[in-house]
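Take a look at these structures.
Look for subunit A in each of the two complexes below; its partner is subunit B in the first and subunit C in the second.
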Partner chain A sequence: MKIRTILLTTGAVLAAAPMAVAQDMADSMTIVSWGGAYQESQVKAYAEPYKKLHPEVEIVWDESSPEAVAKLRAQAEAGNITWDLVDVTAADAMRLCDEGLAMEVDHDEILAPAPDGTPASEDFGDMIVSDCFIPQIAYSITNAYRTDVEEWNGKEPQDICALFDTETFPGTRTLEKRPINNMEWALICDGVPYENVYDVLATEEGQDRAFAKLDTIKDQTIWWSSAAESIQYLADGEAVIGSSYNGRFFSAIVEQDQPLEMLWDTQVYDIDGWVIPDDLPEERLARVKDFLYFATDTQRLADQAKYISYGPARASSAPLVSTHAELGIEMAPHMPTNPANSKNAFVQNYTWWADYRDDLNAKFQAWLAQ
Partner chain B sequence: MSSIDLPSTPKPSLTGFVLPIVAVAGAFFGLVTGSAKDSTLLGLVIGAVVGAALAYALVGYMPNRRLGRWVAIGLFAAIGILVGGFPGAVAGAAIGAVMGWITYWLSTGAYRHNVPIYYTAPQVLWHNSYLFICGLVFFFLIAPILTIMPLSFNAENFFTFTPEMLALDPAGYSLKHYRDFFTNPNWQQAMRNSVQIAPAATFISVSLGTLAAIGLSSEHVPFRRPIMAILISPMIVPLIISAAGMYFFYSRVGLQGTYLGVVLAHAALGIPFVIITVTATLVGFDNSLTRASANMGAGPVRTFFKVQMPLILPGVISGGLFAFITSFDEIVVVLFVGSAGQKTLPWQMFTGLREQISPTILAVASILVVISIALLSTVELLRRRSERLRGMSPG
Partner chain C sequence: MSDGSDATNADGARRVSDSSDDGPVLAADGRPLKQSLQRALRRQKLRALGLIAPLLIFILVTFIAPIADMLFRSVENQIVSDTLPQTVQTLADWDPDSGELPGQEVFRDFYFDLAVAAQRKKHTQLGTRLNYELTGVSSLFRRSGRRIDDIGEVYMDQFEDLNAAWGEEMTWARLMGSEDWLQEQEAWNADAAAADEADRDFDRPLPAFEFGADVRAELPRTAAVFDEFAHYMRTDNQESVMEDEPWEVAYAALYEDLMANPDAAAAFSGENATILSEAADAVPKFQAVDYKAAILETEEGWSDPQVWATIQTFSPDYTTGYFLNAVDLQMTPDGIQAQPRDQQIYVLLFKRTLFMSLMIMGSCVVLGYPIAYLLSNLPLRESNMLMILVLLPFWTSLLVRTSAWKVLLQQQGVINDLLVWLGLVADDSRLVMINNQFGTIVAMTHILLPFMILPLYSVMKTIPPSYVRAAKSLGATNWTAFWRVYFPQSVPGIGAGCILVFILSIGYYITPELVGGTTGTFISNRIAYHISSSLNWGLAAALGSILLAVVLLLYWVYDKIVGIDNVSLG
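This part shows the complex of A and B:
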């Protein structure tokens, strides 16, 4: 009987229904993130303190960041935006911004200034790669290897080219199932200097050269599509060397005691941050802005680094980074931006990838299928 | 084959029959062991030789079957210890048991025991290959499910059979993933949602499906077949298409991202199961009973609940269980129609597998497997009971 009543009511308010559901939404907020240890760090550093200040707010976490672009497109098409705040990589933020799916923001207006009064746009500096993008952390895609491989006879990989050196370091590799980073590493190990990588990669011959280099390890590589897979392969010993996000490696090595060692050489920096979906109803937008102002201030960003080894995006947060919340170890040496780790870092060219991404993705998938 | 066969089967030839087959079996195990040690071909050859030698020794010098098989197990376990320590010994003992069994099974002619005496050699071969293929199918269906169960007691946070686990060291095992499932708010919320959504969807499916089945089984309903086809179409149309359609439709009417939306979507998926099982029960239903009931003054509703319902109840319950499992295991539709607030267990497992390969997923999977087995056993028991009640089976 009750269900029938509900059905009838629903039928009666067909046209007005979206409004009816949206009415009381300002006290609840859906935040989209990546799950795992990273989302956990956001919950502890941002959401829990925010809830202490505003106990009436209910925060729902949706682990859909990997398909954020596709899902936001579908939501916009269906006229039913259910997300309030979305955690995406810088490249995805650029795409969402170009397609008008993310809201353009004035960083100085909606974000807190640094404690010394520096406006947010200066505090974040170069990290603001798009008008829609509110930076959060700097992370890197880097490599790690197992420390217990007998066939290596006590040798340890010193640089990125160990990936391609199957003579000295035999065994299965695990790399991301995307051209990005892999193509750069292949060219660098084929003798291309850092500053020329993107010029070479822009040419047909350069791309063939990168694929030829990758060909040398293709039959010994397991391709991962989520970072958790890569850690699983390495921890299980199915792979002996491979790439993942530095925070995932930190968790496996320091928190889980796996026999792995970081290979920081030629780590590739990337940035991750928030976007606000376009066209949010007013009450929800107000709530999101309130949360965002709090969650991206200097102290909150520094707090996040207690839980995961990603560098805070604000310059003013760096001096506040302290020790791991449970293990009590210094976090600074585990940050990708630590001088010892970053001396050979490679700076990815976002704009280049924005232009070549679709084309190279198609070529890479075709190459994988060969 | 002679025209007058004696009941006792003749002993098959040793060199022409038993040795080659046991050698092939040995080669197979050699291949598996060899590929684990990176020497496939060598393993193959050694396996074949060892197999043949074993068969020769057992058939020639060990007429006592039981003793011979224990000797084979002991021998292979000893080899296993040399090759791979304790796990090797277990694997070796298993291989020895199989090899010993095959040898005697062939050499004593036991492989003909279950076939009629007049079968020709190809027929016997087919009979045994058939059993073998069935065994393989069963193995490949069950093995992945059985593998996850010990892994879910892993003390590590990865899907890894650690050396401690293989050595059966208690330190290698832990209940922490089960503890995580019962204490982690994410899993608890998913569990709550599943437990709320599945019964509601089942209730709607059963009510509507039973009514539809009764209506469609009465002869004076026009267009019965087309209506039936439409009602069971959610079972046939690829899920992703239903899901995408529901997503856009529900978004427009404001049902997307609500409990009611997920319940309705799951009910639509469950209805076909109820219709099919109830229709099948109604085939054996005697309509003169409803006429008798009407004759004695009962209205249609009273007739339904007092006469028809009790008789078709097993069909309704088994349909309901299928509808329940459909909703409980469903992931595609809920990913579209639900939002994070309605995430169900399969949703949480899906994102968990992608973002964080944690053995908690295996713990949940083990629990779900046990629940599914319990539910399906209930269905089977009910089915047997209903057949017995209707005199369709002697059991």
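This part shows the complex of A and C:
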């Protein structure tokens, strides 16, 4: 809706001074993302429709999001920012904002309101975890298990604590090689209520408690550092239960038909979104803003869910989520935000981790190495 | 070369003819021979240098300089004194052992530093830096930055209530700026407006801001804040200070200055003097801010003396802190201490990296030597075939080879399946061969093997077979002929291969990351983590420097024991 009015106004200005407006926006744009199926979904849902509207724009994709923070810092130090728009996790966005590497934005000013007129900042709501962050999708780190494990005698894991129950569910686990999420799950399975997890984890005893719980499965766990590894371990039968991103599980289970089943209990929500590098030249910034306004509107975010099972970050997009572009199945039941999946979801505390990350990571790595 | 030898010949000739002369020996052109020789040599050296100059410059610019710059970060720590310049000075006198918080002056200076830093978005960077040393500082700075302006607003409101002119940017520009600057800026503004009117491009740079004659002396705090403000406006907004009123903290600075120097107005003239003297008369009646209480109110975290002690400890421009962290020590307000046991990891990782690199090097020698021997002794047809088998994996992508080892070695993998099928291993006790030290050593030995075989082969190729034949014909057994005659001649190849393999493996990253599990990771994995994930580049640089030093040290030891002349790459 809104995009049309914008187009109309720019159209009117264009008629008056065609050259002047064309010069105001750069004709090429470098977007940084994660590669794989996720980037593909962005190309199809955002970039291709945008190119239809603006055929003169060339979009270059760079798959550097895993190292985005370091590379952006290096670019800023060298005084040569080559990226225009960067897809990062919420935690990285906070760090980039803290470091002054990402631009602070006024969400209501640069983003489209919902179709019913709700301002963007309300439509995105709590997803805006940092002034520099423009949310895009909600995903979750969750678990899945193999459905063909004989030793389990027909029992199936019902909750997160199956990870730690080596009696009922023997076999190798696979978990991410970092403290985030693992520490929370350990405490929750050690009897800490959701709302107290971070208070407990802030104390020395709480951390010891989490490590003690993780100790019980330490020698039966393979630690992964890239999410593809974890899916591979589960698909090979190398591990029988473990964590990964819900979109990866979706493609393994639904698209590749692996004998896996989702364990949505205590999935940990995380958010992914855009940041604009700080100090972009005016023309490039104008192009990025134009693209962002388009790519983060209600319909575009809902469209992305046709290609990957990540939930759109706007509240107004949820009702528009339809079916998978190729398989034709309903996407809603596979979304982390689907009511049936999210009833026991756990919300990660980004600010807490921003403080404790350095400390806990050192402890976690030392614990792993011992 | 030719110049030098000519000179030498001439020297010989003269020496014979002038042997009775006591003066300096002269060359054919009449110059002293020594000089002439030096000239010739210098020219020769310059020519040689000219030849290698392109490569030298390339290496210096693209390799040495970036590495040096990166390693320099291991000691660099200017961020603290750059962000909190005044606080660092006043805090120096505070005794952290007193158990009490620093005094009012520290909090006052801290307020001014933090407020300016928050405007320039530098405070969160400092928070990130100090969070490496003390957990929680990161969000302390981030949250305080949001609320720090409340303090300045108290003064801003009072100044503006006193005289509405204080809320206008021109009042400040006239008060702070010099006459010259004012005129220049006005002219620039006029030109910019004219260009805008005529729709022309206007890219003349903004005139640099310049303080009036006595401003810095009379109103030091205000000038310091305004200086930062002018710089910020110019660099970040490309605007002059005439476009915006200064930050809230400038009002607090002006209040402090006028309280300290009530006669400041005397140094000014005209409107400036009027408005200043009016303010100077009014400020003693202003509601004053208790900086300490106000800052403690923004965030209670500041009431922890530990935070201040950490700032004090890390206030010097250069620090050994990163190096200490890199060897599991830490710098605390009470001196250097060991890290808590549950955070000690780097020494272990260094030891492990060295141990595993030596293991890999050893297994490469054991596996590579016979192959290189075969390669150099088989007839050409067979040896070519064998060479292709050596080179084929060498040309294959590293990731493919690493993943292939995963497929082979994992518990549901090819080797375990085979062993189970043969009945050598029970199905429920399959061997764990990957995601541990064993897997890393196997995969890396395979990957680095060509680096051992190739130098060995090129050295063995040059050993004449007749030597061994001669030894045998003189009555040596096969073993003696090999061990006493052949092996010593192949040692330079072993040396070269060992150095190559060892140095390559000590900095290996991707294979240990993929197959190392928890017991097979190297120090390089932690370096990569600190570079790309935690952004603690100082610690990464310190770890890298230590690694570099260890390699150089081992190289030196090797040179002492084996002799670097005994290394041959063919």
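Everything that follows uses one rule, which is that the second predicted complex is superposed on the first by the 345 of 370 C-alpha atoms of A that agree within 3 Å, B and C clash if a C-alpha of one lies under 4 Å from a C-alpha of the other, contacts with A are read in each partner's own complex, and residues count from 1 in each chain.
Here is the rule we go by: contacts are C-beta pairs under 8 Å (C-beta built on N, C-alpha and C of every residue); 3 or more make two chains touch, one makes a residue touch a chain.
In this text, all values refer to a predicted model and were calculated from it rather than measured experimentally.
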Practice prompt. Report for A:236: first if it touches subunit B alone, second if subunit C alone, otherwise both or neither.
Written response: both
Worksheet item: Just subunit B (first), just subunit C (second), both, or neither: which does A:62 touch?
Response: first
Item to complete: For A:78, decide between first (touching subunit B), second (touching subunit C), both and neither.
Response: first
Discussion item. Under the stated touch criterion, which partner chain does A:349 make contact with: subunit B (first), subunit C (second), both, or neither?
Written reply: neither
Worksheet item: Touching A:118 in the superposition: subunit B (first), subunit C (second), both, neither?
Response: neither
Discussion item. With both complexes superposed on chain A, which partner does A:166 reach: first (subunit B), second (subunit C), both or neither?
Written reply: neither
Item to complete: Go through the superposed model and pick first if A:357 touches only subunit B, second if only subunit C, both, or neither.
Response: second
Worksheet item: Touching subunit B and also subunit C: which subunit A residues?
Response: 66, 229, 236-237
Response to the item:
In their shared complex, subunit A is touched by residues of subunit B numbered 156-160, 186, 200, 203-204, 247-248, 251-258, 260, 339-341, 343, 351-357
Worksheet item: Which positions of subunit A touch subunit C when the two form their complex?
Response: 66-67, 69-70, 73, 95, 97-100, 172, 222-223, 225, 229, 236-238, 351, 354-359, 361-363, 365-369
Worksheet, complete the sentence: Per the touch rule, the subunit C residues reaching subunit A in their complex are 121-122, 124-125, 127-128, 131-132, 135-139, 142, 342-345, 348-349, 410-413, 435, 513-514, 517-519, 521, 526, 529, 531-536
Fill in: Of all residues in subunit A, those that touch subunit B in their complex
3, 6, 10, 13-14, 17-18, 20-21, 30, 32, 34-37, 39, 60-64, 66, 74-75, 77-80, 82, 226, 228-229, 231-232, 235-237, 256, 258
